[in-house]
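By letter and in written order, the chains are A, B, C and D; residue numbering begins at 1 in each of them.
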Amino acid sequence: MIHLLSLITFIPLVGALVVLCLPKDGRRPIEVVGLLATALPLVLSCWLYAAFDCSDAAGATMQFVERHAWIPSMNVQYYLGVDGLSGPLVILTALMSLIAMIASLGIKERFKEYVFWFLVLEVGMLGVFESLDFFLFYVFWELTLVPMYFLIGVWGGPQKEYAAIKFFLYTLTGSVFMLLAILALYFQADPHTFDMVALMKIHGSLSLKFQIIVFLGFYLGFAVKVPAFPFHTWLPLAHVEAPTAISVILAAVLLKMGVYGIMRVSYTMLPLGFEWFLPILVMIAVINIVYGALCAMAQTDMKKMVAYSSINHMGYCLLAIAGCSATGFSGSLLQMVNHGIITGALFLLVGVIYDRAHTRDITVFGGLATRVPVYAGFMSLACFASLGLPGLAGFVSEFLCFLGAFTRWKYHTAVAVVGILVTAAFFLRMIEKVFLGPLNNRWADLSDMNARELVSVVPLAILMVALGIWPKWALGMMNATMMHMAGLFK
Amino acid sequence: MIEHAFLIPLLPLAASFLILFGGPERKDSPLPYAGIAAIGLSLWISLRILFDAWSGALPLPYEADWSWFSFAAELRGRPFIFDMRAGVLIEGATAVMLAVVCLVSLLVQVYSLGYMHGDAKFKRYYAYLSFFTASMLGLVVSNNLLVTFACWELVGVSSYLLIGFWFEKTAPPYAAKKAFITTKLGDLGFFLALLTIFAYGGTFNIVRLRDAVAMGYLPELVLTLIGLGLLAGAMGKSAQWPLFIWLPDAMEGPTPVSALIHAATMVAAGIYLVARCYFIFAASQVAMDAVAWTGLITAFLAGTMALVPYDIKRVLAFSTVSQLGFMMCALGVGGYAAGLFHLTTHAFFKALLFLGAGSVIHAVHTNDMRQMGGLSKRMPVTFMTMTVGSLALAGIPPLAGFFSKDQILEKVFERSPFMFAVLALTACLTAFYTFRMVFLTFRGEERDTERFRHAEESGGVMTVPLVILAVLSVCSGWALEHAHAFARLVGSGPGLLPGAAGEAAHHIDPMVMATGVTGAAFLAIGLAYRLYCTPDLSAALAWKERLSLPFKVLEDRYGFDAFFLGLVDAADRLAGLCRWVDAEVVDRIFVDGWGLLCRIAAELSNLFDALFVDQAVDGCGYISRDVVGANLRWFSLRGRVQEYLLYLAVGVSLFSILR
Amino acid sequence: MIERLAFYSMAALTLGSAILVVTMRNTVHCALLLGLSLLGVAGVFATLGADFLFASQLLIYVGGIAVLMIFAVMLLGRTADLHLRQVNEAWMAALLVVAITLAGLVRLVKLVAGVTAPSPAAPATRPLGLLMMGDFAVPFELVSLVLLAALLGAVFFSRKEETPPPPATRGPSS
Amino acid sequence: MTLAHYLFLGSALFIVGIFGALTRRNVIGILMSVELMFNAANINLAAFNRFLAPAGVTGQAVALFIMTVAAAEVVVGLALVLMIYRARDTVYAEDINILRG
């Protein structure tokens, strides 16, 4: 109980080390260890969910805190903890990792290395959301980078090396600026500390100019991850080239790290800089939404389309944050969770058809609904969820996002609403071209989804419906913290 | 009974999931009957509510709600936990609407047993149908505008599924997509209206919002904007100008679906929304005028467009659009009860007409009226019931359409004689095109003997709903008009200030107006008889030759389709441009450009290195070897260690004394 | 008084034999005188009360190093060398330099003139042993390693090569 | 006896050692001179210990280390001399002039 977060974070690491020791040829043990090492954190995070204190009073505090001195000479601590902001993301990460691991079982070559890197990646992702010490945070943040580089670069598509190096350099450039910003905060604090909770309290002593500069540093780091216009161009490429499960992780978790950072760091530690940046941020958000949707509409590659739709959806998160209100923060966080689930499912499904048809070109399909009804059903469900159909997860969060932004940025929001329409247009067009109409005879012997694919998609589909009908399950965890956050600078 | 009102939408919802997941697709699957049973129960509940309300045993409005979810919200900088409550709000109009929707749904579902018999996706069809009904009923009863919007979207998606039901063909999916996107365009307005409502009103609850408006918390400009937003939503859903382009295409769906969704219920949702939020419109003259003019333009344009098509369902579709325009216009001029009255009667006779058309199509397997003719001999029941429906639509007394249309015209005249003139003209057009359809289909000689010989009257499951609807079309009008029962039930419009509606600018004797309009309608029917009730269509074709330009314009639907296609095209081009920009500009600038910058910096520093740093190193080497070294060489000429040691000692000795 | 006498006699012994060491022609004599000088140093240690150093000096220097020197001289020496000049031509310059250095050093030494011993000397063997096994354990071990390495190195260098060594190379900068 | 006496003795011995190292032609002679210098340093250390820090024995310990290192030095040095003698057949420093410029 005391070490719940450490357990969640480091079980995958133990799994990774065990995988390293296993023989290369025996596939079964590696699979079992990989699944166990991702399933256990999920079980524990369910425990975390059950034990999480949702009461209003708990909004301002970190829960499940673990705190030990690590490098005393630099005042670095091993400091983990979750609140209503990071808790849902930890659970999402654990869930999506298991799903992606199930989806990864189809990997044919160099499976052992794959599982190893995958588990290391999970450690990094979980750690980013849990750590409350900047040093630790940065370590975990960078820890996600290297496995991702290898996972894309080794198991990716035809342009994998280019995509991997582009991803790596892009995010590394961003995180270097972040590191500078972290150091700036460290040296500004008295006594010097990396403690994020303590740093949240010193903003009163920071001048506007300092805050702006440090904010920009952090923003560069986070914006690349989000990805916010104009730093988004690594995303479509990385998505297209990455193997299916990695696309899922990329979309479902990695992008969230950026928005999480903006909420956790930029907003709470640098309120003046944040406030100063808001007009720009809202413009970027609107561009992300409309421009991302339009770009998605022009794609013929399904995966690229979904990738651009991610840009569009993360734009909603940014827009909501720019609203700088409790509604906006709730909406943004809920949208992150929902987008993780929905887009994860979309990437999985695109991977399913790619495995069979070896193409993702929308225009070459047609009438598949008669051939693969189950697949068509799930795909349509995911698409509808993504375009914000009520009753499915996307609706409430998108609505909250817009609601949060509207009070402050009326015109921007009104423009951004167009994004909804375009999103609907390209998803429906994709459905029409791929599934409806007369069957293209080239695909007459396409097979429907197999058990493994169903196992990975069905939980997500259930969650989409469940969170759409009963968003309380997610919102209940967030409300108190969001209230606290919104009230910080009022 | 009223406390069970929340079950009305939930029963069909449960039924739809039961049907979808309850068993495999089989020819004799019993699951569709579950849907019929569920809607039957819902109908029973809503009829009980309606009669209780009518008899005065039930005080309206009735409201009950439950917490759905709560989120951290913020109003005027004050964060709080907002409790989103979903529930039911039953007013007079709601009770009527519930009964109408349930009744038509039940009849359509029964009818579909015959119409869709043998279809490969029979079970799925019923699941969709039940799902649609559930969403529609949810939209009607909800007391929360957000839930209304959610159901509104769900109605849209079930319409999408049903229009595209035969997705193996090319046209239905396209039509479905078009319908969804077009209505979604209107929904953006609804969406923005919701945002504005929350930002200024702080609630989605209709009753609380009404109180807030009544207290004057919301400025008029905001109310106008909200009203226009809601109107935009209604424009999409109710196929009002200029978003009416989707409805004729939506006829690609199965005909019972057209009857249910695109005639009686879903398209009425927009009208219902405006009626439900009438207090907002009533508070803003601009919004009211917008509603009225939208309705007027729609009624007239669609009425004219209905004159030319030969597809029987298209005629009915345009007619529907036109009648929806009537309702909208009525609401816009303050005729709250009149609009809802027409909504009710129209639901009956338009559903009847569509189901009748479905019966005909089922018999002859074509939509084209030019291949029909003389069918009255083969299908007497269908002919009789459709004639009743047509008379009702044309506004011939004493059928239902007469009463409701009469009320609308009366209200409109009070407001503006010009609007009245346009609407009266449209009413005549209605009579004309309705009977053009009837004559082309049922009278005259058979034009396609092959189809004619195979045409047979449909079976009982299809004709019984027709007869029931025909009876309703005959009696609902005067029954509801009797002693102003309907107006008493629904009231004169919530939020409409007393007296505002009463101050009519113009007055006309109701009897004179009714007689005049009816006479004109009869004239129009006569004209239709002259032109179309003939063995061949030469007279009509001759007119068409003579008026080719107007015909062309009407067949092109005034170019609205082309306009929206152009819009889509433009969006596509914009998307293409964005894609190009993304790949060629943004990526170039921020990736390749950055790389180039780094390369340039690297080259520069390399140059600097070679020119300065390296030269400095070389220079040091040069100085120490060739300048200093050469001159110091004699020191080490003999290579004796002890000499070096001596120099060292000299240094040490100097240090030791020079301090 | 006896202390003073001891110091001066030992100092004279040390310095005198040292000067002879660096000036005499016969290298064997030099080596022998070196032993004498080291013996003098041992005496100086004794006057300082450094009992363990005194013993070590006797054992290591007088008994070890000086004897080693004598062996080396005997091993390498040639009879002809006895008549060769053992001082090179720079001895004048060296003398000058040395004199200057001595002057500097004396100046420095004068800075501490008059410092007397605060207390009588105590036996140092026991504290030294504790120190070696305590604070200086690591240097102690290191020194033993150095010794071992020197031993091995000496053996390595001095063993006879099987193959004739390469001809002497000229300096690289000739 | 004062510290200055001992320091003067150390200085003198050191100077003699330097003089020897500078002037002896014989490499073994140079080595001997180096030994003298070592001893001078040792005298200084012992004297400092005695006069400035009588409580501890650290100075003597360092002197002891120096003795050890000197022993090692002598061993290696003589071995080297032996090598040079074998290679060049001489023990005179002026003949060992591979550093000649």
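Everything that follows uses one rule, which is that a contact is a pair of C-beta atoms (placed from the backbone, for glycine too) under 8 Å apart; a residue touches a chain by one contact, two chains touch by 3 or more.
From a predicted model like this one, the values you see are computed outputs, not experimental measurements.
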Chain pair with the higher count of C-beta pairs in contact (C-D, B-D): C-D
Separation of mean Cα positions, chain D and chain B [Å, integer]: 105
Mean-CA-position distance for chain D and chain A (Å): 73
Geometric centre distance via CA averages, chain D-chain C, whole Å: 5
Whole-Å gap between the CA centroids of chain A and chain B: 33
Junction residues of chain D, two or more chains touched: 18, 22-23, 93-94, 97-101
Junction residues of chain B - those touching two or more other chains: 639, 642, 646, 649
Residues within chain C bordering two or more other chains: 88, 90, 94, 97-98, 101, 105, 171
Chain-to-chain touches, reported pairwise for every pair that qualifies: A-B, B-C, B-D, C-D
Chain B partner contacts - residues on chain C that touch it in the complex: 88, 90, 93-94, 97-98, 100-101, 103-105, 107-108, 171
Residues of chain C that touch chain D when the two form their complex: 3-4, 7, 11, 14-15, 18-19, 21-22, 27, 30-31, 34, 37-38, 41, 44-45, 47-50, 52-53, 56-57, 60-61, 64-65, 68-69, 72-73, 75-76, 81, 84-88, 90-91, 94-95, 97-98, 101-102, 105-106, 109-110, 112-119, 121-122, 124, 127-128, 131-132, 136, 139, 143, 146-147, 149-151, 153-158, 161, 165, 168-171, 173-174
Interfacial residue positions of chain B with respect to chain C in the complex: 639, 642-643, 646, 649-650, 652-657, 659
Of chain D, residues touching chain C in the complex: 1-9, 11-20, 22-26, 28-29, 31-33, 35-36, 39, 42-43, 46-47, 49-52, 54, 56-58, 60-61, 63-65, 67-76, 78-83, 85-88, 91, 93-94, 97-101
Sites on chain B touched by chain A in the complex: 68-75, 77-82, 146, 149-151, 153-154, 157, 160, 164, 167-170, 172-174, 176-177, 180-181, 184-185, 188, 191-192, 194-196, 198-199, 568, 571-572, 574-576, 578-579, 582, 586-587, 589-591, 594
